[in-house]
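Structures for review follow.
In the two assemblies presented below, subunit A is common to both, partnered first by subunit B and then by subunit C.
Moving on to the complex of A and B:
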């Protein structure tokens, strides 16, 4: 009976032409960390699938069609990806919440739709995306480009909106609604591994939803909709207890088999580091693939997972105890920090380090909130006001409580160099009700976006733009490798007023105003008279005089 | 000769202060630079304008487009001359104030002659004589040149230097009866900082007094010319910004609605930091009316015979109650006070006010450092100091007015404070 049902269901979904792919990519980040990346891809052939929602999550489909979204990226991240130690992730994400979307050119009031979109997603993912408003939204000009096909006559930049909420704390309440979007939810398939007790025990975790259009045919006249849900986790061997990891150690239990609705369910394990840190995989992989991409070789162990199998526990056993290795940083990495002391003036420094032997072109997007007014006149690149490295520049000044400061620079990083971008800011004094709870905790500055066309695929794990599943990275050599990175965020401590005394301040300031008003009123309305100084009056006389004066 | 020495020394001090290593610190002090007048923001505005970004799109620039254009030219062509320019402009202000006080003193003497009949015989000794008055003009000059407030204001290269020059020029023109010139300069000052709009009242009276003739015609003419000039300037500014009036939000809008709550020596910043959002509009209106409109009419009615006093008091009051005051404004009206040297004997709170000025000037930077840099004090400390500074200024002004009416009374009724042979005291009734 069960077999019949499965056959029937497969037939139905086959008729719709929808596909569901689940993949896990695991890469040791020697010597101390382990990166595991999950992606669940739903491909929808025709948009009617939202009406007869089968594999595709209906809620996402409705959001996409109602707000006329062409492409959408939402990530909720806790922790900081360390590019200089860990290389590059498959999908980079900014700490906190990050949302950006391209709208359909037919949308008239993009800002209004954007607010509605963020409010809806806020409800869908239980995240504070409803705090996205015009004061923290920007339209990146050079840093972000759609990953799906676009019509050549459309100015896509004006259709883009970007916002990040670096203060957002990501936790189980975001993961649960995220899992509900999957066809198998968390009962079967790879998503069964995503046990919130374990995945929040990591150094870095990021969940994301990426919706885009992909070409359905060679000439791209027809498009499919791709909904990709991702999870990236970085485990610390110290937390696991040893560098011999297994699914049970990472996720609390083994893999109960593939999702029955999935077309393919594959696990990829990067075993390139086996040479320097020898280990054995158990169970042995189905096959081992060697991928040559842009001059670097990656060896991947591949497991094809079937639906009805015993509990699988993929694991690694190292031959020797922990060993220290030399960390070779990736071709491009960066660092960001805040300068200055006191709470009056400061500066943000973004360091871009190019280790490669050719120049790399990058776009740096600085997005400073309105309460951190940056001064463009103080922009220095390697301490030069007019740097030859800047090829293009875009600046949109911010306005208090309305608009953030937005600076984009197209830079050419010389080979083997460190480029330092410095910009000064002034601390803003907010109204007392504008401070968040625990005002002295500090204020988060979002990360800068660094977009680069890398000349080498060293440490590069991303899926090519035209690809869908992870195996499209195999032997995918290109002239360059586009990548969007986020630098680390930073924190500043704004000067605070005394929150306990609004009444006192109002009273005192008004008293001082009254001190002027009283005498001036007297001077303007009364005149000077000489009054004899008599013997001091008794109390009764004083009272009598008082009433007499009234009568007069 | 002595006067030239004074100018030389004052000029050199200012020029030297602009070139020392601590210049940045001076130019960034909260007491000296406000969001409205700071050099840093002027540089940022000009930089944005130079890069074809509208500086009024953002929140960093609040000067008028005319200033933007002038400083754009200056910074592009002769950036090395700017310190010298600021010094020279400030010395020019001092010179104009000196000239103005001389003309004012002539006006005093004339009005004294007119009132000669009303003056009690025993008070005749109190009348002003020429030498006292020339001394007063010298004091005005010295106070403006060597008052630390004015010196630091110029050293910080704030646009208040230009503001002071415009106001001084308009006062000088009015005291000499150049109606149109006075109107043009007061319109320029108003265009830059709004609050000098109050001065049109004393200037109109002054012009009518100086250019004898039909008083009402003169008032109307002055007002008309002023409004025309101001309107023209607003139009010209919009023309510079390609016909867009959006700059008004960043200039007058910024002054009136007080969106930037960075501390300064005024009363607004902490009051509106701690204000309940619900009442914000009410109190913004109340405070702005207090600064702009409340005292003009009563003081004008009371002191219409003394336009010079009216001008001094209105400048001082608008300085105390404006949304972004700085010590440059304070230095300016303090320089006008020596003209009233003959009132000092009637003032009762000179000592208190003097002490308060000295103490708050020393304490202000100290508690600011404690709050912002060492984190061992909080905002209340600095607020307390600014509050006492404002109180001291208010005492100074009200005391001056009381002194004036006391002197008026004494001139009329003699020095004796006796009624029917019994000792008596002066009271307001």
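Moving on to the complex of A and C:
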């Protein structure tokens, strides 16, 4: 009966050409964390849906069509994904706000459209994306590639713009407009779980909107538009209170059934770690899938959720007390920090650690703001100025208040090695209006982007480029696994003046000038005249003499 | 003395102007005299009115009456041309039975397609005293009906009160409160709100409905604005109507009531989801709320016991749009049924709401005069002319008022910057206002409309430009706090030495000879 209902629903809503898929992927990150990833995918079959929308959010369609955007990725993130402890997320995101988009080749002035796009998205998501301007926008040359199909004769790189705002603080006011883009809003379906009180009580949370084109036919002559909204959360068992989690503990309440508009509503729980940390799932899953991908095996418990069901509370109970496990880091992980002391020179270090037994090719993108000038001459890889590891290099120097510094390196990381990239910078004095409020807090440097073609799927959870829903990861072995990671951000403290100083200086200098000016004026303009003795006294002199005598 | 003079020279003659010049707020010179002289521009719109009567006497009598009636108007000035019907046309008008055939006869002899030109034609075999349909022709029976002709011209064709309202300074009339402010274009968005997609199957092609009905209506208005037609579905937007079950004599024996004062909350709920703010142009929102089965049919009540008696339950929000509450029948609510809403009726309601929102007012009743009801979606031709006149007048007036307020603000707040771009738009607005006023007074309504639109847009751009506010938050007291400690002690001795300097220039002894 339920299956029939789903087929019928598909028939009714399929008539509009839109599909809606909602999925949750939950993966324990032993021993102390739990990763839960939501994705809500709207597939738009005909291009008319920009104007006449059904399941797709009209506001996104309006933005995409007005600014002629081919592909768009926006993430708003709070916290730091720890790759060496947690492995790889499905979609990685830089801390703060990150926006990048490819424009249509027909757009004449991409920079102007980019600014308008960021200003519009800023209003749509209540984020400070309106601070994106030419001084913090770069065009990555090697690190980012479109995930949708592109025409082979188009130079996509020149159509790309990338900006990140590491200072941006993400909170409920960003989540509420994000939820309004979903066809079921937050009243039904998986989005009902996204209770802002609970999801901001996590170690890491990231919301995102990803718009791209996907192939509608085999030969890709026709495309559809995919709008994917994602939420990634990392819970800490310490915050939940125990390692036995359930929907009620994680989200505050159970799942009230699937969204009635969804074609499929599925929950995937990674139970691979059940071997080392045994636990029981309740209620029992509909089926268990074992996925062999690039030599590693993942076991997933799958729940197909229907519309009219009672509250579902999926949970896990561990058999034994907490155990300590040995953390095995993923094949590639990285670390980033700032060097130096004093207020004159400093350096950024990016460490890339390859644990795997073959070499890995990576692209590292360093994006330094204009007030942190990095010099290419100071670039050292493993303390060598000329390194054989660098296969290709792109450097675009910044310009004060106009353009950020942008360095991209294509490196081959040798097997089982740590590669250190060091680049020095100078500190710059800002104009007094350019300091942010609370300037002594420090200045954020955005994350570096690390793009890698991983030779193994160990810890790899991303969806293949050609795939749409999460089940496309099942047994999806490929020669290599493309991944785009963000390193952690960093903070520097720029020379910060005492902000009341200019006024004090003005007042003091003015007083000194005024005091000096009086005598100077007198000396220059007054003449000294001899006064003969015995002349009759004037009235004022008589008065003065009177007072003088009194004193004596 | 030369030393004293050089101090004065450096500080007052060079220093002060230099300081003044460097701290001055940048402002392009603006045509203030032209802005304040807007009141002297021609304020009326001319329109052609042709009276065709059977004899000279009737024509003259009617013309005289119309002239008197429009004498006091300061918005519209009909240019009356009177003529006697040619024998051929006279004969044809007397003989044809149907009024529409009579209109065709007039159209064969005269050009009815010109904007801003209206015909009042005598036709004896008329059932009513005055007859008017969609074309730019009004029939009347004989000279006794002249007062009704005048009233119909004032209320229907020229819409005097609405036109006056477009000009009025502050007291906005109801038509003005309803219609959207002028704009180069509008988005018309049809939102189909479906709160229970799992319980009620609906078959409604929003795209087709909006393109067929709204599209053919707004195509007629394309001379005024560009329209973009859009539609969207909003699911699961649950709104608590606080509906109460009422017994009645229908087949189901009941209906549900919603209080009228509850409905504005529905607009708030719609506004949250309808994404009205992302578009670049003003949006006309048309929302079709598919009432859930558990409270269908839903009827709007004025108060506890007074239902709104209408085939379609709908309401309108001025300057926002319209909402139709579409209730499914009982048969549509059975599990297998698919509901096909009555598109014709619903879209007809939206069209009726769209007319006042875009500036076509409802027509009043005039006893003795017959106005043929609308048969198709397109507006009447003379309504289009009236709208052109109204929008022209409104745009000129709004642009004038915007510039006048800007000039006043510039006078009151000294640190508003006017950069070259804003200056250019102000100048172009002033120029276009003057041109449009002259064109309107001459009766070239299309050109006047286009020019006034440019003026309006330029004035709005200038007024809303963010660069005006660049220095607004730099308060004056801070400037004084910085300058006073420097200037006061320095200027004091310099200014005092001026007296001696003046005496010295006149050749008088500076020091009194005290030796005697």
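We adopt the following convention: the second predicted complex is superposed on the first by the 491 of 552 C-alpha atoms of A that agree within 3 Å, B and C clash if a C-alpha of one lies under 4 Å from a C-alpha of the other, contacts with A are read in each partner's own complex, and residues count from 1 in each chain.
The rule is short, and it goes like this: a residue touches a chain if its C-beta (ideal position, glycine included) is under 8 Å from a C-beta of that chain, and two chains touch if they have at least 3 such contacts.
All values reported here derive from a predicted model rather than from experimental measurement.
J.: Which partner does A:372 reach: the first (subunit B), the second (subunit C), both, or neither?
T.: So A:372 meets neither subunit B nor subunit C here.
J.: After lining up the shared chain so the two structures overlap, which partner does A:496 touch, if you call subunit B first and subunit C second: first, second, both or neither?
T.: Touch partner of A:496: subunit B, not subunit C.
J.: So, A:532: does it touch subunit B (first), subunit C (second), both, or neither?
T.: both
J.: Once the shared chain is lined up, is A:506 touching subunit B (first), subunit C (second), both, or neither of them?
T.: both
J.: Counting only touches as set out at the top, which of subunit B and subunit C does A:431 meet: first, second, both, neither?
T.: The answer is first: A:431 touches subunit B but not subunit C.
J.: Contact-wise, after the overlay, does A:524 reach subunit B, subunit C, both or neither (first, second, both, neither)?
T.: In the superposition, A:524 contacts both subunit B and subunit C.
J.: Between subunit B (first) and subunit C (second), which does A:515 come into contact with in this model arrangement: first, second, both, or neither?
T.: Once the two structures are laid over each other on A, A:515 reaches both partners.
J.: First (subunit B), second (subunit C), both or neither: which does A:261 touch?
T.: second
J.: Could you tell me which stretches of subunit A are touched by subunit B in one complex and by subunit C in the other?
T.: Looking at subunit A, the two contact sets intersect at 506, 513, 515, 517, 521-522, 524-525, 529, 531-532.
J.: So in the complex, which bits of subunit A are touching subunit B?
T.: My answer: residues 341-345, 370, 373, 375-377, 393, 395-401, 403, 405, 426, 428-433, 495-498, 501-502, 505-506, 508-509, 512-513, 515-517, 519-534.
J.: Which residues of subunit A touch subunit C in the complex?
T.: 9, 12, 16, 48, 51-55, 57-59, 62-63, 66, 120, 123-124, 180, 183-185, 187-188, 260-261, 307-308, 503, 506-507, 510-511, 513-515, 517-518, 521-522, 524-525, 529, 531-532, 535-536, 538
J.: Inside the complex, what are the residues of subunit B that reach subunit A?
T.: 28, 30, 40, 43-44, 47-48, 51, 53, 55, 57-60, 259-263, 267, 269-277, 287, 290, 294-295, 298-299, 301-302, 317, 320-321, 371-373, 378-380, 383, 387, 390-391, 394-395, 397-398, 401-402, 405-406, 409, 413, 417-420, 422-429
J.: If you look only at subunit C, which of its residues touch subunit A in the complex?
T.: Per the touch definition, subunit C meets subunit A at residues 1, 3-4, 7, 189, 197-198, 201, 206-207, 210, 228-233, 235-238, 272-273, 275, 277-280, 338, 481-482, 485-486, 488-490, 493-494, 497, 511, 514-516.
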